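Each of the two complexes below includes chain A, the first together with chain B, the second together with chain C.
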Partner chain A sequence: MNLQEQNISDNNFESCIKCTICTVYCPVTAVNPDYPGPKQAGPDGERYRLKRPYFYDEALKYCLNCKRCEVACPNDVKIGDIIQAARIKYASHGPSLRDTMLANTDFMGQFATRLAPVVNFSLGLKPVKYLMDKVLRIDDHRTFPKYSGTRFESWFRKKAEAAQESFTKHVSYFHGCYVNYNYPQLGKDLVTVMNALGYGVRLLDREKCCGVAKIANRCIDEATRDGENNLRAIREAVGRGDEVLATSSTCCFTMRDEYPHLLHLDNHDVRDHIMLATLFIYRLLDEGKARIAFRKDYRKKIAYHTPCHMEKLGWTIFSTSLLQMIPGVDFIKLDSHCCGIAGTYGFKKENYAYSQGIGAPLFDQIRASGCDFVACDCETCKWQIEMSAGVPVLNPISVLADAIDIEETRRLNGVS
Partner chain B sequence: MKFDTIIIGGGLSGLVCGIECARSGRRTAIVSAGQSALHFWSGSFEFLGSQGGKRIIEKPLYHAGSLDPSHPYRKIGIDRTAALLDRTVPLLAEAGIKAHGSLERNHYRMTPLGFTKPAWLTLDDYLAFGNLSDLEGKKAAVINIYSYIDFYPRFLEAGLRKLGAECTSADVNVPQLDILRQSTTEMRATNMSRFLRDDAVDALAREVEKASAGADMVVMPAVLGIFSDEPVARLRRGVSRPIYFVATTPASVPGVRCQLSLRDLFIRLGGQFMPGDTVTRGDFQGNRLRKIYTVNFGDIPLEADNFVISTGSFFGHGLIADLEKIYEPVFGLDIEAAPNRDDWYDKDFYAPQPYMGYGVVTDTHFRPRRHGETVDNLYATGALLSGFNALHEGSGAGITLATAFHAADQITKE
Partner chain C sequence: MKDTSIEYDVIVIGGGATGAGTARDCAMRGLKTILIERLDFTAGATGRNHGLLHSGARYAHTDPESAAECIKENIILKRIARHCVEDTGGLFVTLPEDSLDYQDAFVSDCLKAGISADVLDPKEAIRLEPSVNPDLIGAVRVPDGSIDPFRLTTANVLAARLDGADILTYHEVVGFLREGDRITGVRLRSRRDGSESEIRGKVTVSACGIWGHHIAELAGVRVNMYPAKGALLIFGHRVNNMVINRCRKPADADILVPGDTICVIGTTSTRIPFDRIDDMEVTSGEVDLLLREGIKLSPRLAYTRILRAYAGVRPLVADDSDPTGRSISRGIVCLDHAKRDGVEGFITITGGKLMTYRLMAQEATDLVCRKLGVDRPCRTAEVPLPGSEPDAADENRRQHIIGLSTEQKAAEGRHGTWSGRIETGSAADEALVCECEQVSVAEVNYAIDELHVHNLINMRRRTRLGMGTCQGALCACRGAGLLERHDRCTQRTLDDLAWFMNERWHGMSPVCWGETLCEVQFSSWLYQGVLGLDHSGPVFPDTPENLTETEHEAAEKV
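What follows is the complex of A and B.
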């Protein structure tokens, strides 16, 4: 028996050598002195918590769950997981009304899409913002993402679904709450691009939110239920031979890694089939399984921002390589730096100033770059960057949809 | 995904090799799991500090000639090693890091515990002197930041006194650092360096100027300048005496600076840096490595004409020791190590430890072997190699850099 191997937890916290490297790369440590930092909040604190839950420190709520500490750790300690698991296990009081509201992106979305004009209008109103700030402690400086009048799912069923089965090859699409309720255009762009490449798009059966906001706000039972449902739907899709594509790096990361690490949902049979659309498309092109033609008149200066969960997934190169394939693109890769929003984190009043402080170097670099727009695979980064740097943000899939010569690409891939 | 050259490991060795390959116009990628040993960097690079029973040698290049023929310097050739290493200072300068020193003659640096050690290159702002007598009669003010616990002024003073210097010591504080004391664990050099900017530096300069009245020089822990030279230059402008830094750990300020500056230079030259990913295995065809696989890329292979493995020693996980054996985990390369665990270490803690000399075996071109056969398009560099005990002989960075330049030259001059 190998004692050394038997002695290591799943989160690997015994492997910590106390080198403090994680702390150097934590975006919160850099701005918020109340936060104990990843080493102390993670493996160091864990030793105490295992002895007595009394040692749990409420300041762990400041962790963004960006996982930059894990990317830096030389010893593969799952620092972010340790911290999130401790919040789930030890935090003394349950989520507040505000946290529950922010967490339930799908419930809020269903409600808001029906009343989109009213909701968008009132969320922009000063008195409403004031009330939200004072009563719910949602910071009044925040601009809310707009709710769309028509859900992506409704559009898909009405306008796109019928045509999809005429394709011989298919992918399934995990659109996520954001595409469904706030920005259906991204979903439409995905359908356009995949169809041009010769793939029909299918939706998952009764998709639910990936759960990232519920996990962050400790609504764990709901997150687990949604996760089980999504895994059921993903298994069904994989069973019919589809890969499951996402356009959000965070949804993708959550279903691949947070499901097993934080919700203890076993996804090993389907994990490798959950991927970002840009990875799937890059691979098709790289392996010569599809071809792409670009418009001759596309000219844009694009700055790419690496979302934290994209950095953790390690897939940045697929998105940036696709963008760099476009002939008329002047490409800039921004320094990999957290934008500060971290999903619902930056909406909370107690986090707003830190959130903006964390992102400041990124916003400066974007403004100085002179780019036409920022490309980025995460929707919450989009809200933050658009609000704070004043530059539009597009998902690489939307960039592709705009830059490809659709007719020619369809012809190259034998799509009639 | 296809590259010309892929480097496994993004520490000092992998970065320097990557920079040279990218500079030659090759499509180069570095895949690196986690951060490297550079984060513990003293601010000095060593080439050869002690040899053949001599604890401190003055003329390292001269002594290198009598190293064992299996030593990396001898395998490259001493003249060639010197020519390769002469490229270090310009390369560092290109990355924005200023250092000085010579291979002909070691200078001395001082550790945070007050020991004098020979060094080849030292950062311009750091405590270093050409002769052991240089500090005789000097008045040194050793200045710490109030409540900073990773710096031990008493040890440093003892070391300075031993060299004939007179010492005073003082703690200083600036209000801009009070914020860090809210969490007692966060009073770290790298954290302080984030807050010691702009007017905080001016406040620090006033305190240091006051506390060092009457001294010829100031010695301080390296707590500023993690992202640029500006805070250090600003501090210098505000203090009328020369200031020298001593790097502290864990997580050394000059180390982080060096790591990030080299990475940025690599990216500027067109390199692809993939952080936080671990290479797990390779596909070989005959004596050539065709593809490698990583944790994040899953079944998507990374292909290249040439590969370099710079995964470090035990610290970097380039070598793994379990209860039975020592092995190289990525490709199972042949290594030099005693088969019997009892022979791995010497019970005298201070004796040269045998395990520190273990590593991957290579031919004269630094191509490693696998199942006894040389791999034609793979090079091994840095701390992963066998044939030296870097800690004992004081040769870590010299070997790391010389083998990195050497591998890059073979790849780019093919």
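What follows is the complex of A and C.
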């Protein structure tokens, strides 16, 4: 009997054998009884939604899209994608003003960086927080990331771009909104490290937000436009022979996997060229294509936190291996556990308590570890951990920039 | 046990749609009624068909009389059984290998029978039903729909009970009481404890489908029926949202029906001997045929997970001139054995189809009334079934429906307005027993309390527990726990569980490849590996083959 060679279904939803492992691994199910859990919200609910969209359950909004269900699934069911696709297709009302504001990181960033001192000051004021809480339902416990007065792109054009063309080898850098508007130092660190390793850094042509916040807040048309633009810019970079590096695991994951799965953008030609900077650097060193020298006096106790999308990418090993190469580092790998913020999710008042409940075991472990700081490849985890555990968080690239002996590394790689 | 001193006006044998419908009609006309079923409701052909709410279009060309009956009942059922019916609409598609001439004749026959039939542009048909074979060259839209036979029968049982009928499941008729030429009652044997009893009634109606052949023999009359097996496949989710039929002379595997969360392709037609009607296997040849033809209706079936295969027996009154059974009118056969065979007080109602169960019940009840000298009109076409009553709060509730969880919406779909009797509010009530089909603890408890549930198989038929993707792997043990808590099967919980899982496996085995094979493997790890369940215990009363040799012999002798 060869009539059915294989079973094919959208996001493999029919491959679910109902083992329920995903629900065991779901960080939301553990704290929020109103959330039906990934199995029910995903493949189980999908059968009912195919019957009639009427069966859509509004509780799907509690999914934080961490994709830990997909990592847990033994049968490769794209559970998180099923849930996000259902939210996009069936949710009864469009994104609110708040959701639109949170989603449009580019727009808000362009506005806020111009007025950074005023915006930063205002966002810290109690009456402003109170108003945002009451009017927009952005939780007043939340600490907003500070906006930078100078955008990374502006700094790069003025201070760094000219020197990059003197390199014979290049990478392109997808910096993302956070580096551009909030924390240009991470971008500067990447330029420092890559230059020391013998690579010039280029920016993408008119990079837009990766779209993760727009997807989560169902601003799908905007996310698709941004995605198309980014794929155009990435194709251009790959066409000139560059790999495209990111310092944010979530931006990287979104462009590789959410583009095709949720926005239906075909990226198969460039997907393998989009990668995290730590992966690229690890491979360079592993293959002997670059060498690295560390400072003799670097002494830190570092705890590494695995962001959910890093878990999904399966690339934690590259970041942790790089950190463990540093001679003076006392390294702790924290249990892989969602911090609870999930981008804009934790900013919303209705999610705040769940957000903190999800992260609580992680915060306890961090505080008990006695680490000098936490290393982590995701900026929103950084906000959450710094606010909730009271410990500073650094991207592994910033750790490298601090720990390497720059002069010696440049010399080893023949950079003048 | 029922009080044997009562003399009923009417004893109805058979817990399918026709029997339940007859019991309802009799009870509504004020007759003291009892409904007797040897196993569970819907255990025979009622629970083993397409679940197609025929418009009549399928019969318009070959059997105009059936077609006219169908469209009339179609309209009635949409009104009286709205919670059992889904008004999906249906398509009759013409494929390149079929003739468009047939479509022309088909449309004119439909219109003659009073069935609306709109010829659609193939592009429009694809827009309405994207899963349809895109190569189609013609399409006609007809008012087909789907109907849930389990719900329909349960609602008729509830209605009969509300009007004072007694209901007795797991009691098999093993003989008749007689006074001269008159049947005055039935002898019963309990399938749970083997005890025998007698029930007296002025008129006995046999509504037993193909099993009516045997019942007639017990009464000393002969009804020539022959069993025609029809096999069907259930797919894991809804591929189509409209019924898809082939626009040609009725043949094998030419109807794809969306039903609840799944869709069903069928059917075949094979003559089988009587000794196989209780134990049917779907063969690999039938699976091949159903898939091969089904793919022509909707190419997606080629890669859609198949949940299980099953087969029913058409209770056709034999026409020896046609060996295939296809061209026989499936018209209603209502036999007054007093006139036909000189046996008073005994009626057989057979033939017909699920669609016409109400009409069959009406004809049988009219005859019962004539015999008893009762002159009350049939009102089953006007009075809605329990669950389908007009509900003043309906509109109000619909406005708040957005706040309902998927399982509350699903329960409302299954029980209609009676879903209000399902407890809500506590986490314990709302916890799910069956996750695939969204059956809550409270819904299971409601079924146990109200819907004649004695074991897991009954529970499945009343709630859809175990009918979903995992075929009971995750929910059967939970359901068994709830039954045990209600003290319904304390001694037999493990046997019940083993039998339930075996019954699920029976339907999965003919299609056991791909994801279904994974599921079966997982299920066997859980039940045999982890829970240590085996099926070497006593056979459960729901197995028709349960009768021992001596019991068979005893039954034959009567």
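Going forward, the second predicted complex is superposed on the first by the 408 of 416 C-alpha atoms of A that agree within 3 Å, B and C clash if a C-alpha of one lies under 4 Å from a C-alpha of the other, contacts with A are read in each partner's own complex, and residues count from 1 in each chain.
Simple rule for what comes next: a contact is a pair of C-beta atoms (placed from the backbone, for glycine too) under 8 Å apart; a residue touches a chain by one contact, two chains touch by 3 or more.
Keep in mind it's a predicted model, so treat the numbers as computed, not measured.
A.B. asks: Now for A:Glu46: first (chain B), second (chain C), both, or neither, which partner does it touch?
C.D. replies: Second partner only.
A.B. asks: Kindly classify A:Asn7 by the partners it touches after superposition: chain B alone (first), chain C alone (second), both, or neither?
C.D. replies: A:Asn7: touches chain C, not chain B.
A.B. asks: Is A:Lys18 touching anything from chain B or chain C once the two structures are fitted on A? First, second, both or neither.
C.D. replies: both
A.B. asks: If we overlay the two complexes on their shared chain A, which of chain B and chain C does A:Ala163 touch? Say first, second, both or neither.
C.D. replies: neither
A.B. asks: Let me test your reading of the model: by the given contact rule, A:Asp272 touches which partner, first (chain B), second (chain C), both or neither?
C.D. replies: The answer is first: A:Asp272 touches chain B but not chain C.
A.B. asks: Does chain B (first) or chain C (second) touch A:Asn75, or do both, or does neither?
C.D. replies: both
A.B. asks: Quick check for you: in the superposed arrangement, does A:Pro36 touch first (chain B), second (chain C), both or neither?
C.D. replies: both
A.B. asks: Per the contact definition in the header, classify A:Leu313: touching chain B only (first), chain C only (second), both, or neither.
C.D. replies: Once the two structures are laid over each other on A, A:Leu313 reaches chain B alone.
A.B. asks: Shared contact residues on chain A for chain B and chain C?
C.D. replies: The answer is residues 3-5, 18-20, 33, 36, 39-40, 44, 75 of chain A.
A.B. asks: Any idea which chain B residues touch chain A in the complex?
C.D. replies: Per the stated touch rule, the residues are 1, 33-36, 39-40, 179-180, 182-183, 185-186, 188, 190-191, 194, 250-251, 256, 267, 272, 274-278, 294-300, 315-317, 322-323.
A.B. asks: Could you list, by residue number, the parts of chain A that touch chain C in their complex?
C.D. replies: Touching chain C from chain A are residues 1, 3-9, 13-20, 33, 36, 39-40, 43-48, 50-51, 54-55, 57-59, 75, 92.
A.B. asks: Any idea which chain A residues touch chain B in the complex?
C.D. replies: Those residues of chain A that touch chain B are 2-5, 18-21, 23-25, 29-30, 33-37, 39-40, 44, 70-76, 272, 279, 282-283, 286, 311-317, 321, 333, 336.
A.B. asks: Under the stated contact criterion, what part of chain C meets chain A in this complex?
C.D. replies: 236-238, 241, 258, 260-262, 284, 287-288, 291-292, 295, 302-306, 401-403, 405-406, 409-410, 427, 432, 435-436, 438, 468-470, 473-474, 513-515, 518-519, 522
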